[in-house]
Amino acid sequence: MNGDWDLTPDTSRKQRLGFDETVFCASKTPDQINRLVQGALKAEESLLLTRLDNKKFAELSSELVEFLDYDQVSHTAILGRITVPEDRPRVAIVSGGSSDVRVAREAARTLEYYCIGVREIYDVGVAGLWRLLERIEELRDMRIVITVAGMEGTLPSVVAGLVPGLVIAVPVATGYGVAANGITALNSALASCAPGLVVVNVDNGYGAGCAALRMLNVMQRRPPSGEGNG
Amino acid sequence: MNGDWDLTPDTSRKQRLGFDETVFCASKTPDQINRLVQGALKAEESLLLTRLDNKKFAELSSELVEFLDYDQVSHTAILGRITVPEDRPRVAIVSGGSSDVRVAREAARTLEYYCIGVREIYDVGVAGLWRLLERIEELRDMRIVITVAGMEGTLPSVVAGLVPGLVIAVPVATGYGVAANGITALNSALASCAPGLVVVNVDNGYGAGCAALRMLNVMQRRPPSGEGNG
Amino acid sequence: MNGDWDLTPDTSRKQRLGFDETVFCASKTPDQINRLVQGALKAEESLLLTRLDNKKFAELSSELVEFLDYDQVSHTAILGRITVPEDRPRVAIVSGGSSDVRVAREAARTLEYYCIGVREIYDVGVAGLWRLLERIEELRDMRIVITVAGMEGTLPSVVAGLVPGLVIAVPVATGYGVAANGITALNSALASCAPGLVVVNVDNGYGAGCAALRMLNVMQRRPPSGEGNG
Amino acid sequence: MNGDWDLTPDTSRKQRLGFDETVFCASKTPDQINRLVQGALKAEESLLLTRLDNKKFAELSSELVEFLDYDQVSHTAILGRITVPEDRPRVAIVSGGSSDVRVAREAARTLEYYCIGVREIYDVGVAGLWRLLERIEELRDMRIVITVAGMEGTLPSVVAGLVPGLVIAVPVATGYGVAANGITALNSALASCAPGLVVVNVDNGYGAGCAALRMLNVMQRRPPSGEGNG
Amino acid sequence: MNGDWDLTPDTSRKQRLGFDETVFCASKTPDQINRLVQGALKAEESLLLTRLDNKKFAELSSELVEFLDYDQVSHTAILGRITVPEDRPRVAIVSGGSSDVRVAREAARTLEYYCIGVREIYDVGVAGLWRLLERIEELRDMRIVITVAGMEGTLPSVVAGLVPGLVIAVPVATGYGVAANGITALNSALASCAPGLVVVNVDNGYGAGCAALRMLNVMQRRPPSGEGNG
Amino acid sequence: MNGDWDLTPDTSRKQRLGFDETVFCASKTPDQINRLVQGALKAEESLLLTRLDNKKFAELSSELVEFLDYDQVSHTAILGRITVPEDRPRVAIVSGGSSDVRVAREAARTLEYYCIGVREIYDVGVAGLWRLLERIEELRDMRIVITVAGMEGTLPSVVAGLVPGLVIAVPVATGYGVAANGITALNSALASCAPGLVVVNVDNGYGAGCAALRMLNVMQRRPPSGEGNG
Amino acid sequence: MNGDWDLTPDTSRKQRLGFDETVFCASKTPDQINRLVQGALKAEESLLLTRLDNKKFAELSSELVEFLDYDQVSHTAILGRITVPEDRPRVAIVSGGSSDVRVAREAARTLEYYCIGVREIYDVGVAGLWRLLERIEELRDMRIVITVAGMEGTLPSVVAGLVPGLVIAVPVATGYGVAANGITALNSALASCAPGLVVVNVDNGYGAGCAALRMLNVMQRRPPSGEGNG
Amino acid sequence: MNGDWDLTPDTSRKQRLGFDETVFCASKTPDQINRLVQGALKAEESLLLTRLDNKKFAELSSELVEFLDYDQVSHTAILGRITVPEDRPRVAIVSGGSSDVRVAREAARTLEYYCIGVREIYDVGVAGLWRLLERIEELRDMRIVITVAGMEGTLPSVVAGLVPGLVIAVPVATGYGVAANGITALNSALASCAPGLVVVNVDNGYGAGCAALRMLNVMQRRPPSGEGNG
């Protein structure tokens, strides 16, 4: 690289927001990723890497790769030991079809990185509604339900009409024709008749995980007087 | 009007397609509508008028209005006696919210004009899914189910996953933001994960009625050998 | 109205989701609204009405109007005594410009209806960033921050980069040219570089309020062992 | 794959809707497809596979491939013996240009899988209208006409103005410029001046086949009294 | 008006292009139009005014109005005597539905202003194709056919496949849903499978007239040697 | 108004950016505007008001109106004496058609408020290119040329290819069909083949004025050594 | 290929429209193209092939290739001897930048196939307007000017304001950002302030050539009495 | 290449606009680029080449390559000695994330080609706002600040609210979902609440550089009397 310029990592994010900066690999070269992993290893820090596809992962330094826990479905890698999450999950992740799993798993891995227990329920799209209805009591117990769906994106609306917890919709760029880029699933979630459904960008499993984390983090704080003692 | 030009009514539509030309009033003046009704009265023909809003209806000739059966919800008027439809409806019309009723009723009136019995089930959107599930057996008996929904347009997909008959989606221009013009509901129906769902233009209750009519008409024909005797 | 059809109110929403069905007045006539308010009065139930503009409010029955607490900025009305909310608000609502207040207030009124204390901080858009920075410590103490912004919709991203709580973006249809319908503000929030920002439909203050309610409701539940005793 | 999660096949679709779950191969790996074919072979079930392009087909297990009837034009494969369809087709499939054939054939293959006789009439676009007009009597005898057209998508409107049966439009992503993604052909079909034309998603030959199947299935039912004996 | 600035009329258009500057009234006040008509009267020049709706026409100075030949369908007015056009029209104007006539007439009036004979054939849309086919020989004799169609805009493609002359498509903003703003009709014409169809902006009857005029003007020039003596 | 909330005017804008906060009247009631004008009068401050249409201006308090210099073309009002601008304008404002003048004048008034001399050259669109070419030397002397154009927005590209100064494009929402909302003119300016053309939002004459002001302000600063002494 | 179906070439196009069916190679395999060329060779017919990119051309049968006149810029091939066109061109083709030449040449080749003389003037975009102005007298002598431009597409509007002949705009998919797919250039031409400009689809050089051919063909006809003898 | 046509380089751009024609390599073959570089070498002229990706650069003639200063981040090459720029930069270039650097560097290289000193400040996006605030005094001293940002594009608005100089926004096609093509960042900048922000096309670092150059060039001119002596 033949220019020289200032780079400014966001060193105070953990204190400010309660979670680490994450390496979004889609716009980085293997070299850049190698250097970031190396740095974290030296500093004995853990690291979450997203959008690291199989091809780019194969190009990383083989010495570093052995320290990474890589998930080829979600294209995420985790540096650092993943501790066993708590027994009783507070977050469910529900997906419509099998092609939504890559995005659902990105949310799951984001939460697992922070040791949040996750219940994963995949392939329960409304084309066969009974599959979702069988699991609905389980979902009603969850504090947060992340719904992941492409094509017409019906699942988030149906779930948000049935469960009381916070429901987060992650639209997925699955399908073809009007569904090709995920915008139909996105708009479907935004326009939902089910009240209080919130939405993140297409394919943004990581963002849904972070939103869940924000909520769980503030729930851990000591409640102000008169709150939380139900 | 100071030009003079050729107008060419489609006089053979009934023989060709099995249904009459209909008067789409949105792009006609009260004068033009008066003349068309007058003409049909003289010829002793029946007539279906759509998109005739309350204001324009009030401007029609009072002599002609008494011959019209006007429905202020669907903005349709029918000239000619509506015979009692058959006892056992073969078409259901299902809508998500109360603001979809104007479009659902346009479909209903189109079928009633041709003496087709219709079962109307309104306000059963997925925000309260139990309302639809209570009626599902009834819907499974129908040959055709017309689903009418605005906002995110979840209803058609859920219905098409539950009933075996032909399911026609009519998206509705209800809501605001990304739902404002009905395109989200339209794309949601087109991208549906439920197989064999067919779709008409936004707010096109009349078109859904005509599609049902096409199917019912060809069902009346004597079946070719080896068909229809199940 | 000359058809007769089935209407199916969602009677179990409170038990299922933890909040009441709300009357969305934009697609209802004054007559329909009068009847709904009358019904709630008789049943001694409270009622939240949204998108009830000044003109339509003026057309309501004067007998009923005296029971309604009407807010002409947010176009909301509340039937039933509003109890004093708790002293220490857990939700902040922040808006960029003065034309966003109508939407911000819809969120505020939705929460007030459920006796949730709200801190309202308006007109702190990034064109004069110091206004927001002065209030940032206050916002960092909140469990939920609802950010309401039209035009380019910068505010949600800036806030979500500075506070640890759940941040909900409500895009607003303010401005002209590319900003006219709120889609720029919407996409800006969805594409945000600040992790974990969640989004609702354009102008959907009510939806943001309901999302906050979902989160606060599940926080009230007895925490599973090992949780919430920080 | 290093997560473990629940997958939930829709086992009751046949009873519910009258047709089997189909394997949409576009979002599946050769491995996943191999396993699904293997499973169907063991269970002695037939199987329809769509969007299985030539390259992916070549990567399937050679042992399994010999059981598959593969059509390289439509990218479909059928497992199980295809019985001879009835003599007299009730469904016609009509396409505008030669590049629409891949989609038209997907509809044809879907119907052939269920032993429905199909009349295929391709390359009769309106640029040379006489080609269609020569076949119009033949088409008027059909219960269902599936029209498949890209570019400006004129064909469905012309056909629906000439034949009384149910006409289903399948827009195709053919062409360039404003025609590139099939949305022009889609909107053209939705906006059609020919009444009762129904539409499926761009390139969705499978969906058109399923819609035809829904209609043919309900026609087989014993008609209620007073119906179907014309 | 309290600013003062330079205005620069295009005084050489006639010499340059072969036709006059036209007054596009949509963006002008009655006062501005009055002054322009007054000026032309004084200069003994003829003038074509377009987009002059009935309401604005009624607000013009009554003294000036008597000099104007106003057509309330096309919203055009002509100042100056319209000479009798030639016997044998060289331009046909064809429209699909009755709501396209306002745009078709704008093209007709533009040509009439320049004394070009026009054959107007309206309401021959493809929903009843026989109407167009009956007139096709007549159209094949024309040098130019202007086709005017809204909704799905099928007519231009069908005509351009049947006649050898220059075919100009004028899309019309008729219909609702995906057809509402004329973009579907526009794209349909642009994507046409019929070769050599040319297109103007939505509702631009004036532009189609000017294009025809350009062609007729250059045809009047003495042909270069070896041309035009077929 | 029945809520009470914090409003936070941007009191330090002048020091920070070099220009005052401006009152964007489109989203304000006459009452709100009256109060803002009253406040400025008391504080003996000048004030620029934009998007104040004739109807809203007529509703302002008649006592206040006499202090306002109102321009009904640009819908701007200025409170405070406008000092005579310098003799030799450094900014030209050029518009294509007469319907662009309202936006061009908004830019002019913004600069006049800050006593910047402006040369206004209107109605020189490329349909009659000679009009622009006659003025081009004049434009080449200007430091900044603001080009204001609707429809296809050709003017900014042509000007930016001919003059060396900073050229700012203001697209205008003029025209119909694809030009209706100004997005075609906007994209045309953004995609320009003329290098260094910069663009503001559709109809944003005020923004173009502010950009010119930013440039003129920094030019007034004492140049660093070795600069500005050409 | 394992289906069998009817294909219906348009054998009467020459008589109907005055030009041959053309082979659009983008959606055809080398095998299909080989067979079509072989067929034309046997029948001793000439043939125009478009969208035949270098890679696909290299895959054609080497025996056939020697009969083809291939142009690698426009991706066209011509079978049959190209006779010398007339001395004095009646059509000019003008392009803005060097990347528009591939499309401009497609128009040129289409006309050359029919022995129409063409004047090609490339790289005269408005970023350096003098280049166009130097050629304008030459262009004013032409009956038809085909203007080919990508990016912001200014060229067609400027030319149509300067020359009296028929001006056809061919937008080109050149550039990036808002210009990437040619829609900005397309809309710019459609919205042009220059009257009578006609437009074809993005990149459709062939269509522009055919439109020119239509006009030249009808000009060859014996003029009706009183016409063409200027 | 088998046609022959006129090419017309813009030889007077330097005199007209103050900067050279630049070689946009994206639409040129290596051969074409080689010839252009060769020509400049012979003429002893300098040359700026943009959009020259690594792969195409590797295909250039090795003899020529040694004369080129190539920057693989910005995909630019410079022919000719780059003189040392002045000590005190007058232009800052600020970017949000590391993937915006390729575009930011294109702007920097464009200015460096003309010996303009540039201060580059990268990776200071608002997700960690403190990074920008630390540099704000430095930015307030600059005459021009070029802000480069993808995703939601917040950075330009925040900067333009804090600094008095001319602020130019360059949107970047970074991200996925609604951010994929840079249109969200573009619209965000256009709709900005910060007054006087100007915008160029997505990824158009070169255009931003040229705009800065235009401003700096006119600042060098001798000021007219009464100006610039602040």
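For this structure, a couple of remarks:
Chains: A, B, C, D, E, F, G and H, in written order; residue numbering restarts at 1 for each.
Definition applied: a contact is a pair of C-beta atoms (placed from the backbone, for glycine too) under 8 Å apart; a residue touches a chain by one contact, two chains touch by 3 or more.
Just so it is clear, the structure is predicted and the values come from calculations on it, not from any experiment.
Both chain A and chain G are touched by D, H. To find the repeat of B-D among E-F, E-G or F-G, check which pair has over half of the same contact pairs by residue number; it is E-G.
Chain D and chain H have Cα centroids lying 51 Å from one another.
The centroid of the Cα atoms in chain C and the matching centroid in chain G are 57 Å apart. Averaging C-alpha coordinates per chain places the centre of chain C 36 Å away from that of chain F.
Those residues of chain G in touch with two or more other chains are numbered 16, 97, 127-128, 161-162, 177-179, 183, 186, 190-191, 195, 201-202.
Shown are all chain pairs that touch, namely A-B, A-C, A-D, A-H, B-C, B-D, B-E, C-F, C-H, D-E, D-G, E-F, E-G, F-G, F-H, G-H. Interface of chain B with chain C (complex): residues 69-74, 97-99, 101, 105, 108, 120-124, 127-128, 130-131, 174, 176-180. Contact residues of chain E toward chain F in the complex are 1-3, 5-10, 12-13, 16, 26-28, 32, 171, 173, 181-183, 186, 201-204. Taken together, the chain H residues at the contact with chain C in this complex read 96-97, 125-129, 151-154, 157-158, 160-162, 175, 177-179, 183-185, 187-195. Chain G meets chain E in the complex at residues 16-19, 22, 86, 88, 90, 143-144, 161-168, 186, 190-191, 195-202, 206-207, 209-215, 217-228, 230.
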